[in-house]
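Each of the two complexes below includes chain A, the first together with chain B, the second together with chain C.
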Partner chain A sequence: MIQLAQETREGWCVVAVRGRADSEAADELENALRAAVEQNPRVAVNLWSLSYISSAGLRAVLQGARAAEAKGVEFLVCSPNNSVKKVFDMSGLHHVMKIQERLPC
Partner chain B sequence: MLTMLEEVVLLAVDERTGSLRSTREFGTAYALVGAVFFDLALARKIDTDTETIHIVDHTPTGNSTLDRVLAQMSQRPDLKTVRDWIEELFLERADLEGEALASLIASGVLRHEKSKLLWIIDVERFPLVDNQPHEYVKTRLAHAILSDEIPDTRDIMLVSVAEACGLLGYILSDAELKRRKERIGVLTNLETISRKVREAILGLDQSARAATTRVM
Partner chain C sequence: MSQSALLKHTEFELDGNLGELGRLVEYVDQFCLAADLDGEAPFELNLVLEELFTNAVRHGGCEGMKNAVHVRFGLLENGGVAVEYRDRGTPFDPTSVAEPDLAAPLSQRQPGGLGIHLLRQTMRDLRYQRAGDWNRLTMRREGKQEAKSI
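Showing the complex of A and B:
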(Lines of atoms letter the chains of each structure in order from A and count residues from 1; the text may use other names and numbers.)
(Lines give C-alpha, C1' and ligand atoms only; values in the text may rest on other atoms or scores of the structure.)
Protein backbone atom coordinates (compact mmCIF):
# COMPACT_ATOMS: atom_id res chain seq x y z
CA MET A 1 0.00 0.00 0.00
CA ILE A 2 1.37 3.39 -0.98
CA GLN A 3 0.10 6.89 -0.29
CA LEU A 4 1.23 9.85 -2.35
CA ALA A 5 0.77 13.54 -1.63
CA GLN A 6 1.96 16.54 -3.55
CA GLU A 7 2.52 20.14 -2.45
CA THR A 8 4.44 23.15 -3.68
CA ARG A 9 6.96 24.81 -1.39
CA GLU A 10 9.48 27.53 -2.24
CA GLY A 11 9.37 26.71 -5.93
CA TRP A 12 9.71 22.97 -5.38
CA CYS A 13 7.05 20.38 -6.10
CA VAL A 14 7.39 17.99 -3.16
CA VAL A 15 6.03 14.47 -3.72
CA ALA A 16 5.66 12.76 -0.35
CA VAL A 17 5.71 8.96 -0.52
CA ARG A 18 4.31 6.94 2.40
CA GLY A 19 4.07 3.18 2.91
CA ARG A 20 5.51 0.50 0.63
CA ALA A 21 6.92 1.06 -2.84
CA ASP A 22 6.67 -2.45 -4.28
CA SER A 23 5.46 -3.99 -7.54
CA GLU A 24 1.85 -3.31 -6.59
CA ALA A 25 2.57 0.39 -6.14
CA ALA A 26 5.28 0.90 -8.76
CA ASP A 27 3.03 2.10 -11.59
CA GLU A 28 1.24 4.57 -9.33
CA LEU A 29 4.55 5.93 -8.04
CA GLU A 30 6.10 6.22 -11.51
CA ASN A 31 2.99 7.94 -12.90
CA ALA A 32 2.93 10.42 -10.01
CA LEU A 33 6.60 11.26 -10.49
CA ARG A 34 6.18 11.61 -14.25
CA ALA A 35 3.18 13.91 -13.76
CA ALA A 36 5.11 16.06 -11.27
CA VAL A 37 8.05 16.28 -13.68
CA GLU A 38 5.71 17.21 -16.51
CA GLN A 39 4.31 20.22 -14.64
CA ASN A 40 7.19 21.52 -12.51
CA PRO A 41 10.76 22.71 -13.02
CA ARG A 42 11.95 21.31 -9.67
CA VAL A 43 10.76 18.08 -8.05
CA ALA A 44 11.76 16.69 -4.65
CA VAL A 45 10.66 13.18 -3.68
CA ASN A 46 10.23 12.97 0.08
CA LEU A 47 10.85 9.38 1.22
CA TRP A 48 10.78 10.09 4.96
CA SER A 49 7.64 7.98 5.49
CA LEU A 50 8.52 5.23 3.04
CA SER A 51 8.91 2.01 5.01
CA TYR A 52 9.93 -0.39 2.22
CA ILE A 53 11.17 -0.24 -1.35
CA SER A 54 11.58 -3.22 -3.69
CA SER A 55 13.34 -3.45 -7.03
CA ALA A 56 10.10 -2.45 -8.78
CA GLY A 57 9.87 0.62 -6.54
CA LEU A 58 13.47 1.57 -7.29
CA ARG A 59 12.80 1.26 -11.01
CA ALA A 60 9.81 3.59 -10.64
CA VAL A 61 11.98 6.24 -8.94
CA LEU A 62 14.70 5.76 -11.55
CA GLN A 63 12.23 6.22 -14.40
CA GLY A 64 10.95 9.39 -12.70
CA ALA A 65 14.53 10.67 -12.60
CA ARG A 66 14.94 9.67 -16.26
CA ALA A 67 11.85 11.62 -17.26
CA ALA A 68 13.17 14.64 -15.32
CA GLU A 69 16.54 14.44 -17.02
CA ALA A 70 14.89 14.30 -20.45
CA LYS A 71 12.86 17.44 -19.63
CA GLY A 72 15.68 19.32 -17.91
CA VAL A 73 13.83 19.23 -14.58
CA GLU A 74 15.79 19.27 -11.32
CA PHE A 75 14.97 16.02 -9.48
CA LEU A 76 16.00 15.21 -5.92
CA VAL A 77 15.35 12.12 -3.82
CA CYS A 78 15.29 13.19 -0.18
CA SER A 79 15.18 11.94 3.40
CA PRO A 80 15.12 8.16 3.00
CA ASN A 81 15.01 6.35 6.35
CA ASN A 82 17.83 3.97 7.22
CA SER A 83 16.34 0.81 5.71
CA VAL A 84 15.36 2.52 2.46
CA LYS A 85 18.70 4.33 2.31
CA LYS A 86 20.45 0.97 2.63
CA VAL A 87 18.63 -0.26 -0.48
CA PHE A 88 19.59 2.88 -2.41
CA ASP A 89 23.20 2.52 -1.27
CA MET A 90 23.40 -1.13 -2.29
CA SER A 91 22.13 -0.41 -5.77
CA GLY A 92 24.42 2.59 -6.18
CA LEU A 93 21.55 4.77 -7.39
CA HIS A 94 23.38 7.82 -6.05
CA HIS A 95 25.67 7.46 -9.07
CA VAL A 96 22.83 8.20 -11.47
CA MET A 97 20.54 10.53 -9.49
CA LYS A 98 20.77 13.07 -6.67
CA ILE A 99 19.93 11.66 -3.25
CA GLN A 100 20.20 13.80 -0.13
CA GLU A 101 19.33 13.59 3.53
CA ARG A 102 17.16 16.70 3.74
CA LEU A 103 14.47 18.32 1.64
CA PRO A 104 15.67 21.45 -0.20
CA CYS A 105 12.76 23.51 1.16
CA MET B 1 8.85 -7.26 -28.75
CA LEU B 2 11.61 -9.75 -27.97
CA THR B 3 12.13 -10.96 -24.44
CA MET B 4 15.33 -10.07 -22.59
CA LEU B 5 16.42 -13.70 -22.95
CA GLU B 6 15.87 -13.57 -26.71
CA GLU B 7 17.68 -10.25 -27.02
CA VAL B 8 20.76 -11.57 -25.26
CA VAL B 9 20.84 -14.84 -27.21
CA LEU B 10 20.43 -12.79 -30.40
CA LEU B 11 23.36 -10.62 -29.32
CA ALA B 12 25.45 -13.78 -29.00
CA VAL B 13 24.90 -14.61 -32.70
CA ASP B 14 27.87 -13.60 -34.85
CA GLU B 15 26.20 -11.61 -37.64
CA ARG B 16 28.88 -12.64 -40.18
CA THR B 17 28.99 -16.39 -39.56
CA GLY B 18 25.75 -17.19 -37.72
CA SER B 19 27.67 -19.03 -35.01
CA LEU B 20 26.98 -18.50 -31.32
CA ARG B 21 29.76 -16.73 -29.52
CA SER B 22 30.48 -16.73 -25.85
CA THR B 23 33.62 -16.08 -23.91
CA ARG B 24 32.34 -17.30 -20.54
CA GLU B 25 30.36 -20.50 -20.74
CA PHE B 26 29.18 -20.68 -17.16
CA GLY B 27 28.95 -16.92 -16.82
CA THR B 28 26.63 -16.95 -19.81
CA ALA B 29 24.49 -19.67 -18.24
CA TYR B 30 24.04 -17.64 -15.07
CA ALA B 31 23.37 -14.49 -17.07
CA LEU B 32 20.63 -16.22 -19.09
CA VAL B 33 18.95 -17.18 -15.84
CA GLY B 34 19.19 -13.52 -14.85
CA ALA B 35 17.57 -12.59 -18.17
CA VAL B 36 14.58 -14.83 -17.43
CA PHE B 37 14.10 -13.19 -14.03
CA PHE B 38 14.35 -9.76 -15.65
CA ASP B 39 11.66 -10.82 -18.12
CA LEU B 40 9.43 -11.94 -15.27
CA ALA B 41 10.09 -8.68 -13.43
CA LEU B 42 9.27 -6.62 -16.54
CA ALA B 43 6.05 -8.62 -16.91
CA ARG B 44 5.30 -7.73 -13.27
CA LYS B 45 5.15 -11.39 -12.25
CA ILE B 46 7.95 -11.27 -9.68
CA ASP B 47 9.58 -8.68 -7.49
CA THR B 48 12.83 -8.68 -5.53
CA ASP B 49 14.39 -6.81 -2.68
CA THR B 50 18.04 -6.87 -1.69
CA GLU B 51 17.99 -10.64 -1.06
CA THR B 52 14.62 -12.27 -1.66
CA ILE B 53 12.50 -12.95 -4.70
CA HIS B 54 8.76 -13.54 -4.70
CA ILE B 55 5.86 -13.99 -7.10
CA VAL B 56 3.40 -11.12 -7.22
CA ASP B 57 1.18 -12.44 -10.01
CA HIS B 58 0.70 -16.13 -10.78
CA THR B 59 -1.15 -15.65 -14.09
CA PRO B 60 0.74 -16.83 -17.21
CA THR B 61 2.62 -14.42 -19.45
CA GLY B 62 1.96 -16.35 -22.68
CA ASN B 63 5.66 -17.08 -23.15
CA SER B 64 6.35 -20.78 -22.58
CA THR B 65 9.82 -20.33 -21.02
CA LEU B 66 8.68 -17.64 -18.61
CA ASP B 67 5.53 -19.55 -17.68
CA ARG B 68 7.50 -22.73 -17.02
CA VAL B 69 9.83 -20.87 -14.67
CA LEU B 70 6.91 -19.11 -13.01
CA ALA B 71 5.20 -22.47 -12.45
CA GLN B 72 8.42 -23.91 -11.02
CA MET B 73 8.69 -20.99 -8.64
CA SER B 74 5.11 -21.52 -7.46
CA GLN B 75 5.94 -25.13 -6.60
CA ARG B 76 9.05 -24.33 -4.58
CA PRO B 77 8.10 -21.88 -1.82
CA ASP B 78 11.11 -23.16 0.14
CA LEU B 79 13.44 -21.30 -2.24
CA LYS B 80 13.24 -17.68 -1.22
CA THR B 81 16.41 -15.86 -2.18
CA VAL B 82 17.42 -14.58 -5.60
CA ARG B 83 20.66 -16.52 -5.28
CA ASP B 84 18.81 -19.81 -4.53
CA TRP B 85 16.74 -19.42 -7.69
CA ILE B 86 19.70 -18.48 -9.85
CA GLU B 87 21.44 -21.69 -8.75
CA GLU B 88 18.26 -23.74 -9.26
CA LEU B 89 17.70 -22.53 -12.83
CA PHE B 90 21.40 -22.64 -13.66
CA LEU B 91 20.94 -26.40 -14.08
CA GLU B 92 18.59 -25.71 -17.01
CA ARG B 93 20.94 -23.46 -18.92
CA ALA B 94 20.83 -25.42 -22.20
CA ASP B 95 17.04 -25.27 -22.30
CA LEU B 96 16.97 -21.52 -21.87
CA GLU B 97 19.34 -20.88 -24.78
CA GLY B 98 17.63 -23.51 -26.95
CA GLU B 99 14.16 -22.15 -26.26
CA ALA B 100 15.24 -18.59 -27.07
CA LEU B 101 16.83 -19.75 -30.33
CA ALA B 102 13.68 -21.70 -31.27
CA SER B 103 11.55 -18.66 -30.61
CA LEU B 104 13.85 -16.40 -32.67
CA ILE B 105 13.69 -18.90 -35.56
CA ALA B 106 9.90 -19.18 -35.28
CA SER B 107 9.51 -15.40 -35.39
CA GLY B 108 11.70 -15.14 -38.52
CA VAL B 109 14.66 -13.37 -36.93
CA LEU B 110 17.08 -16.30 -37.36
CA ARG B 111 17.25 -19.46 -39.42
CA HIS B 112 18.80 -22.77 -38.41
CA GLU B 113 21.54 -24.39 -40.49
CA LYS B 114 23.26 -27.70 -39.85
CA SER B 115 26.45 -28.75 -41.59
CA LYS B 116 29.39 -31.12 -41.12
CA LEU B 117 32.93 -30.12 -40.29
CA LEU B 118 35.46 -32.59 -41.78
CA TRP B 119 32.48 -34.80 -42.74
CA ILE B 120 32.06 -35.86 -39.09
CA ILE B 121 31.43 -33.04 -36.64
CA ASP B 122 27.97 -31.48 -36.62
CA VAL B 123 28.07 -27.71 -36.83
CA GLU B 124 25.02 -25.59 -36.08
CA ARG B 125 24.66 -22.01 -37.25
CA PHE B 126 21.93 -19.41 -36.82
CA PRO B 127 22.29 -16.81 -39.59
CA LEU B 128 20.27 -13.63 -39.29
CA VAL B 129 17.22 -13.48 -41.52
CA ASP B 130 16.08 -10.09 -40.25
CA ASN B 131 19.00 -7.86 -39.31
CA GLN B 132 16.89 -5.17 -37.67
CA PRO B 133 16.32 -6.66 -34.18
CA HIS B 134 20.04 -7.45 -33.87
CA GLU B 135 20.99 -3.88 -34.80
CA TYR B 136 18.35 -2.47 -32.46
CA VAL B 137 19.72 -4.41 -29.47
CA LYS B 138 23.29 -3.37 -30.29
CA THR B 139 22.32 0.28 -30.67
CA ARG B 140 20.47 0.38 -27.33
CA LEU B 141 23.33 -1.32 -25.56
CA ALA B 142 25.94 1.03 -26.99
CA HIS B 143 23.82 4.09 -26.19
CA ALA B 144 23.19 2.99 -22.59
CA ILE B 145 26.95 2.62 -22.03
CA LEU B 146 28.38 5.49 -24.06
CA SER B 147 25.90 8.20 -23.07
CA ASP B 148 25.60 9.75 -19.62
CA GLU B 149 21.80 9.68 -19.68
CA ILE B 150 19.77 7.60 -17.22
CA PRO B 151 18.89 4.54 -19.31
CA ASP B 152 15.52 2.88 -19.62
CA THR B 153 14.99 0.00 -17.15
CA ARG B 154 15.10 -2.55 -19.94
CA ASP B 155 18.42 -1.23 -21.23
CA ILE B 156 19.96 -1.33 -17.75
CA MET B 157 18.97 -5.00 -17.57
CA LEU B 158 20.34 -5.62 -21.07
CA VAL B 159 23.74 -4.14 -20.16
CA SER B 160 23.85 -6.29 -16.99
CA VAL B 161 23.12 -9.54 -18.81
CA ALA B 162 25.37 -8.80 -21.81
CA GLU B 163 28.25 -7.89 -19.50
CA ALA B 164 27.90 -11.11 -17.53
CA CYS B 165 27.84 -13.08 -20.81
CA GLY B 166 31.08 -11.39 -21.92
CA LEU B 167 29.34 -9.97 -24.99
CA LEU B 168 30.15 -6.26 -24.61
CA GLY B 169 33.48 -6.71 -26.43
CA TYR B 170 31.56 -7.60 -29.60
CA ILE B 171 29.63 -4.35 -29.51
CA LEU B 172 32.16 -1.80 -28.30
CA SER B 173 35.89 -1.38 -28.85
CA ASP B 174 38.42 -2.13 -26.10
CA ALA B 175 39.11 1.60 -25.80
CA GLU B 176 35.39 2.37 -25.36
CA LEU B 177 34.99 -0.37 -22.76
CA LYS B 178 38.03 0.86 -20.86
CA ARG B 179 36.82 4.47 -20.98
CA ARG B 180 33.30 3.49 -19.79
CA LYS B 181 34.32 0.87 -17.24
CA GLU B 182 32.93 2.89 -14.33
CA ARG B 183 29.62 3.50 -16.13
CA ILE B 184 29.28 -0.23 -16.88
CA GLY B 185 30.00 -0.97 -13.21
CA VAL B 186 27.29 1.47 -12.10
CA LEU B 187 24.66 0.06 -14.50
CA THR B 188 25.37 -3.58 -13.67
CA ASN B 189 25.05 -2.87 -9.95
CA LEU B 190 21.62 -1.20 -10.05
CA GLU B 191 19.51 -4.37 -10.08
CA THR B 192 19.46 -7.02 -7.34
CA ILE B 193 19.20 -9.78 -9.95
CA SER B 194 22.38 -8.71 -11.72
CA ARG B 195 24.26 -8.30 -8.43
CA LYS B 196 23.28 -11.86 -7.49
CA VAL B 197 24.20 -13.20 -10.94
CA ARG B 198 27.63 -11.60 -10.48
CA GLU B 199 27.98 -13.18 -7.03
CA ALA B 200 27.07 -16.59 -8.46
CA ILE B 201 29.66 -16.26 -11.25
CA LEU B 202 32.26 -15.13 -8.74
CA GLY B 203 31.41 -18.10 -6.50
CA LEU B 204 31.79 -20.46 -9.45
CA ASP B 205 35.16 -18.91 -10.40
CA GLN B 206 36.38 -19.33 -6.82
CA SER B 207 35.23 -22.97 -6.72
CA ALA B 208 36.98 -23.64 -10.03
CA ARG B 209 40.19 -22.00 -8.76
CA ALA B 210 40.05 -24.03 -5.54
CA ALA B 211 39.52 -27.26 -7.50
CA THR B 212 42.45 -26.42 -9.82
CA THR B 213 44.68 -25.74 -6.83
CA ARG B 214 43.74 -29.09 -5.26
CA VAL B 215 44.50 -30.94 -8.50
CA MET B 216 47.89 -29.27 -8.80
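Showing the complex of A and C:
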Protein backbone atom coordinates (compact mmCIF):
# COMPACT_ATOMS: atom_id res chain seq x y z
CA MET A 1 0.00 0.00 0.00
CA ILE A 2 1.44 3.32 -1.05
CA GLN A 3 0.18 6.87 -0.70
CA LEU A 4 1.48 9.70 -2.85
CA ALA A 5 1.01 13.43 -2.41
CA GLN A 6 2.45 16.32 -4.34
CA GLU A 7 2.91 19.93 -3.37
CA THR A 8 4.99 22.88 -4.53
CA ARG A 9 7.17 24.71 -2.00
CA GLU A 10 9.80 27.35 -2.64
CA GLY A 11 10.20 26.35 -6.27
CA TRP A 12 10.41 22.65 -5.51
CA CYS A 13 7.85 20.03 -6.41
CA VAL A 14 7.83 17.77 -3.35
CA VAL A 15 6.48 14.25 -3.89
CA ALA A 16 5.73 12.64 -0.53
CA VAL A 17 5.77 8.85 -0.57
CA ARG A 18 4.15 6.99 2.33
CA GLY A 19 3.83 3.30 3.09
CA ARG A 20 5.40 0.47 1.14
CA ALA A 21 7.09 0.80 -2.27
CA ASP A 22 6.73 -2.82 -3.34
CA SER A 23 6.04 -4.65 -6.62
CA GLU A 24 2.36 -3.79 -6.47
CA ALA A 25 2.98 -0.08 -5.89
CA ALA A 26 5.95 0.42 -8.21
CA ASP A 27 4.06 1.46 -11.35
CA GLU A 28 2.04 4.05 -9.44
CA LEU A 29 5.23 5.48 -7.92
CA GLU A 30 7.05 5.59 -11.25
CA ASN A 31 4.12 7.32 -12.96
CA ALA A 32 3.92 9.93 -10.20
CA LEU A 33 7.64 10.66 -10.39
CA ARG A 34 7.59 10.88 -14.17
CA ALA A 35 4.62 13.26 -14.07
CA ALA A 36 6.39 15.46 -11.52
CA VAL A 37 9.57 15.51 -13.62
CA GLU A 38 7.55 16.35 -16.72
CA GLN A 39 6.01 19.46 -15.14
CA ASN A 40 8.67 20.85 -12.79
CA PRO A 41 12.27 22.00 -12.97
CA ARG A 42 13.08 20.76 -9.45
CA VAL A 43 11.71 17.61 -7.84
CA ALA A 44 12.32 16.38 -4.29
CA VAL A 45 11.09 12.92 -3.35
CA ASN A 46 10.24 12.87 0.35
CA LEU A 47 10.72 9.34 1.73
CA TRP A 48 10.28 10.30 5.39
CA SER A 49 7.14 8.16 5.75
CA LEU A 50 8.27 5.30 3.54
CA SER A 51 8.63 2.19 5.68
CA TYR A 52 9.74 -0.29 3.01
CA ILE A 53 11.21 -0.40 -0.47
CA SER A 54 11.97 -3.42 -2.64
CA SER A 55 13.91 -3.63 -5.88
CA ALA A 56 10.69 -2.82 -7.76
CA GLY A 57 10.36 0.41 -5.78
CA LEU A 58 14.02 1.20 -6.39
CA ARG A 59 13.50 0.74 -10.10
CA ALA A 60 10.62 3.23 -9.99
CA VAL A 61 12.84 5.84 -8.32
CA LEU A 62 15.68 5.02 -10.74
CA GLN A 63 13.36 5.57 -13.72
CA GLY A 64 12.26 8.89 -12.25
CA ALA A 65 15.87 9.96 -11.81
CA ARG A 66 16.70 8.92 -15.36
CA ALA A 67 13.77 10.87 -16.77
CA ALA A 68 14.94 13.88 -14.73
CA GLU A 69 18.48 13.60 -16.01
CA ALA A 70 17.29 13.36 -19.62
CA LYS A 71 15.23 16.55 -19.16
CA GLY A 72 17.77 18.48 -17.12
CA VAL A 73 15.49 18.46 -14.06
CA GLU A 74 17.04 18.58 -10.60
CA PHE A 75 16.02 15.42 -8.71
CA LEU A 76 16.63 14.80 -5.01
CA VAL A 77 15.80 11.78 -2.89
CA CYS A 78 15.27 12.97 0.70
CA SER A 79 14.88 11.68 4.26
CA PRO A 80 14.92 7.90 3.82
CA ASN A 81 14.87 5.92 7.07
CA ASN A 82 17.93 3.79 7.85
CA SER A 83 16.57 0.58 6.35
CA VAL A 84 15.45 2.29 3.14
CA LYS A 85 18.77 4.14 2.89
CA LYS A 86 20.61 0.85 3.27
CA VAL A 87 18.78 -0.61 0.25
CA PHE A 88 19.74 2.42 -1.86
CA ASP A 89 23.34 2.00 -0.72
CA MET A 90 23.44 -1.76 -1.41
CA SER A 91 22.18 -1.04 -4.92
CA GLY A 92 24.86 1.54 -5.60
CA LEU A 93 22.16 4.12 -6.33
CA HIS A 94 23.77 6.59 -3.94
CA HIS A 95 26.54 6.89 -6.55
CA VAL A 96 24.20 7.93 -9.35
CA MET A 97 21.54 10.03 -7.66
CA LYS A 98 21.46 12.67 -4.96
CA ILE A 99 20.24 11.25 -1.66
CA GLN A 100 20.16 13.54 1.35
CA GLU A 101 18.88 13.54 4.90
CA ARG A 102 16.76 16.66 4.67
CA LEU A 103 14.33 18.24 2.25
CA PRO A 104 15.72 21.27 0.38
CA CYS A 105 12.76 23.42 1.44
CA MET B 1 8.39 -17.07 26.23
CA SER B 2 6.31 -20.18 25.65
CA GLN B 3 4.80 -18.62 22.55
CA SER B 4 8.18 -17.86 20.98
CA ALA B 5 9.33 -21.38 21.80
CA LEU B 6 6.37 -22.71 19.84
CA LEU B 7 7.08 -20.53 16.85
CA LYS B 8 10.63 -21.53 16.04
CA HIS B 9 9.38 -22.84 12.74
CA THR B 10 6.71 -21.53 10.46
CA GLU B 11 5.63 -22.31 6.95
CA PHE B 12 3.08 -20.95 4.54
CA GLU B 13 1.96 -21.05 0.93
CA LEU B 14 1.13 -18.26 -1.47
CA ASP B 15 -0.97 -18.30 -4.62
CA GLY B 16 0.49 -16.96 -7.83
CA ASN B 17 -0.76 -13.39 -7.81
CA LEU B 18 0.80 -10.19 -6.54
CA GLY B 19 -2.21 -9.55 -4.32
CA GLU B 20 -0.60 -12.15 -2.03
CA LEU B 21 2.19 -9.71 -1.09
CA GLY B 22 0.06 -8.47 1.79
CA ARG B 23 -0.17 -11.98 3.24
CA LEU B 24 3.58 -12.44 2.77
CA VAL B 25 4.18 -9.31 4.85
CA GLU B 26 1.85 -10.62 7.58
CA TYR B 27 3.54 -14.02 7.79
CA VAL B 28 7.01 -12.46 7.90
CA ASP B 29 6.01 -9.91 10.54
CA GLN B 30 4.34 -12.55 12.73
CA PHE B 31 7.35 -14.83 12.61
CA CYS B 32 9.84 -12.04 13.35
CA LEU B 33 7.75 -10.83 16.27
CA ALA B 34 7.22 -14.30 17.74
CA ALA B 35 10.90 -15.18 17.30
CA ASP B 36 11.92 -11.85 18.86
CA LEU B 37 14.23 -11.02 15.96
CA ASP B 38 16.06 -7.71 15.51
CA GLY B 39 14.22 -4.74 14.01
CA GLU B 40 15.74 -5.08 10.54
CA ALA B 41 14.63 -8.69 10.11
CA PRO B 42 11.10 -8.08 8.74
CA PHE B 43 12.37 -5.57 6.17
CA GLU B 44 15.16 -7.82 4.96
CA LEU B 45 13.14 -11.03 4.81
CA ASN B 46 10.37 -9.23 2.92
CA LEU B 47 12.90 -7.74 0.52
CA VAL B 48 14.28 -11.17 -0.32
CA LEU B 49 10.99 -13.06 -0.49
CA GLU B 50 9.14 -10.36 -2.42
CA GLU B 51 11.85 -10.54 -5.05
CA LEU B 52 11.67 -14.31 -5.46
CA PHE B 53 7.87 -14.36 -5.32
CA THR B 54 7.44 -11.52 -7.83
CA ASN B 55 9.92 -13.12 -10.21
CA ALA B 56 8.03 -16.41 -10.05
CA VAL B 57 4.68 -14.72 -10.74
CA ARG B 58 5.85 -12.31 -13.44
CA HIS B 59 8.49 -14.38 -15.23
CA GLY B 60 8.25 -17.94 -13.93
CA GLY B 61 4.77 -18.84 -15.12
CA CYS B 62 3.26 -18.95 -11.60
CA GLU B 63 0.60 -16.34 -12.40
CA GLY B 64 -2.79 -17.73 -11.44
CA MET B 65 -1.34 -20.92 -9.91
CA LYS B 66 -2.82 -22.12 -6.60
CA ASN B 67 -0.21 -22.63 -3.85
CA ALA B 68 2.56 -21.72 -6.29
CA VAL B 69 5.03 -20.77 -3.59
CA HIS B 70 5.98 -22.43 -0.34
CA VAL B 71 8.12 -20.74 2.32
CA ARG B 72 9.56 -22.18 5.51
CA PHE B 73 11.42 -20.32 8.27
CA GLY B 74 13.46 -21.94 10.98
CA LEU B 75 14.91 -19.96 13.86
CA LEU B 76 18.58 -20.74 14.49
CA GLU B 77 20.24 -20.69 17.89
CA ASN B 78 22.18 -17.48 17.28
CA GLY B 79 19.11 -15.50 16.20
CA GLY B 80 19.66 -16.32 12.54
CA VAL B 81 16.90 -17.55 10.26
CA ALA B 82 17.10 -20.50 7.90
CA VAL B 83 14.82 -19.91 4.92
CA GLU B 84 13.59 -22.45 2.42
CA TYR B 85 11.82 -20.93 -0.56
CA ARG B 86 10.14 -23.09 -3.20
CA ASP B 87 8.07 -22.26 -6.27
CA ARG B 88 6.51 -24.27 -9.06
CA GLY B 89 7.72 -21.93 -11.79
CA THR B 90 9.99 -22.61 -14.74
CA PRO B 91 13.56 -23.54 -13.72
CA PHE B 92 15.37 -20.45 -12.45
CA ASP B 93 18.60 -20.42 -10.48
CA PRO B 94 19.08 -17.00 -8.80
CA THR B 95 22.63 -17.94 -7.85
CA SER B 96 23.59 -18.06 -11.54
CA VAL B 97 22.43 -14.52 -12.40
CA ALA B 98 25.21 -12.11 -13.40
CA GLU B 99 25.88 -9.21 -11.01
CA PRO B 100 24.64 -5.82 -12.22
CA ASP B 101 27.17 -3.07 -12.94
CA LEU B 102 26.69 -0.90 -9.85
CA ALA B 103 29.26 1.63 -11.03
CA ALA B 104 27.47 2.44 -14.31
CA PRO B 105 26.26 6.04 -14.73
CA LEU B 106 22.56 6.76 -14.38
CA SER B 107 21.80 6.80 -18.09
CA GLN B 108 23.33 3.34 -18.51
CA ARG B 109 21.96 1.68 -15.40
CA GLN B 110 19.93 -1.37 -16.32
CA PRO B 111 16.76 -1.55 -14.25
CA GLY B 112 16.92 -5.35 -13.98
CA GLY B 113 19.15 -7.47 -11.81
CA LEU B 114 18.95 -5.31 -8.69
CA GLY B 115 16.63 -7.62 -6.81
CA ILE B 116 18.87 -10.66 -7.05
CA HIS B 117 21.83 -8.49 -6.10
CA LEU B 118 19.97 -7.39 -2.94
CA LEU B 119 19.11 -11.02 -2.21
CA ARG B 120 22.77 -11.98 -2.36
CA GLN B 121 23.78 -9.02 -0.22
CA THR B 122 21.22 -9.85 2.44
CA MET B 123 21.42 -13.63 2.69
CA ARG B 124 24.21 -16.18 3.17
CA ASP B 125 24.76 -19.75 2.00
CA LEU B 126 22.45 -19.62 -0.98
CA ARG B 127 21.88 -23.04 -2.47
CA TYR B 128 19.65 -23.78 -5.42
CA GLN B 129 18.32 -27.04 -6.73
CA ARG B 130 15.62 -28.08 -9.13
CA ALA B 131 13.55 -30.67 -7.32
CA GLY B 132 10.92 -32.19 -9.59
CA ASP B 133 8.53 -29.41 -10.56
CA TRP B 134 9.96 -27.09 -7.94
CA ASN B 135 12.67 -24.48 -7.76
CA ARG B 136 14.14 -24.81 -4.28
CA LEU B 137 16.39 -22.19 -2.71
CA THR B 138 17.79 -22.48 0.79
CA MET B 139 19.56 -19.60 2.49
CA ARG B 140 20.31 -18.08 5.84
CA ARG B 141 20.00 -14.64 7.39
CA GLU B 142 22.54 -13.95 10.08
CA GLY B 143 21.26 -12.91 13.47
CA LYS B 144 22.11 -9.34 14.36
CA GLN B 145 23.13 -8.14 17.77
CA GLU B 146 20.99 -5.21 18.65
CA ALA B 147 20.27 -3.30 21.81
CA LYS B 148 16.53 -3.81 21.97
CA SER B 149 14.78 -0.49 22.43
CA ILE B 150 12.30 -0.28 25.32
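To be clear about the criterion, the second predicted complex is superposed on the first by the 105 of 105 C-alpha atoms of A that agree within 3 Å, B and C clash if a C-alpha of one lies under 4 Å from a C-alpha of the other, contacts with A are read in each partner's own complex, and residues count from 1 in each chain.
As a working rule, contacts are C-beta pairs under 8 Å (C-beta built on N, C-alpha and C of every residue); 3 or more make two chains touch, one makes a residue touch a chain.
This is a predicted model, so every value here is computed, not measured.
Engineer: Superpose on chain A as described above, then tell me if chain B and chain C fit or clash.
Structural biologist: They clash: once the shared chain is superposed, the two partners overlap in space.
Engineer: Touch test for A:S23: chain B only (first), chain C only (second), both, or neither?
Structural biologist: Both partners, chain B and chain C.
Engineer: Answer with first, second, both or neither: which of chain B and chain C does A:R66 touch in the superposed model?
Structural biologist: both
Engineer: After superposing on chain A, check 27-35, 99-107, 117-125 or 207-215 and name the one in chain B that bumps into chain C.
Structural biologist: Comparing the options 27-35, 99-107, 117-125 or 207-215, the clashing one for chain B against chain C is 27-35.
Engineer: Which chain A residues come up in both lists, the one for chain B and the one for chain C?
Structural biologist: Touching chain B and chain C on chain A: residues 22-24, 52, 54-56, 58-59, 62-63, 65-66, 69-70, 87, 90-92, 95-97.
Engineer: Inside the complex, what are the residues of chain C that reach chain A?
Structural biologist: 18-19, 21-22, 25, 40, 43, 46-47, 50-51, 54, 58, 102-107, 109, 111, 114-115, 117-118, 121-122
Engineer: Would you pull the chain A residues touching chain C in the complex into a rising list?
Structural biologist: Within the complex, chain A contacts chain C at residues 1, 20, 22-24, 52, 54-56, 58-59, 62-63, 65-66, 69-70, 83, 87, 90-92, 95-97.
Engineer: Within the complex, which stretch of chain B touches chain A?
Structural biologist: Residue positions touching the partner: 41, 44, 46-50, 56, 149-153, 156, 186, 189-193, 195.
Engineer: If we count contacts the way the header does, which residues on chain A are in touch with chain B in the complex?
Structural biologist: Touch residues, chain A against chain B: 22-24, 26, 52-56, 58-59, 62-63, 65-66, 69-70, 86-87, 90-93, 95-97.
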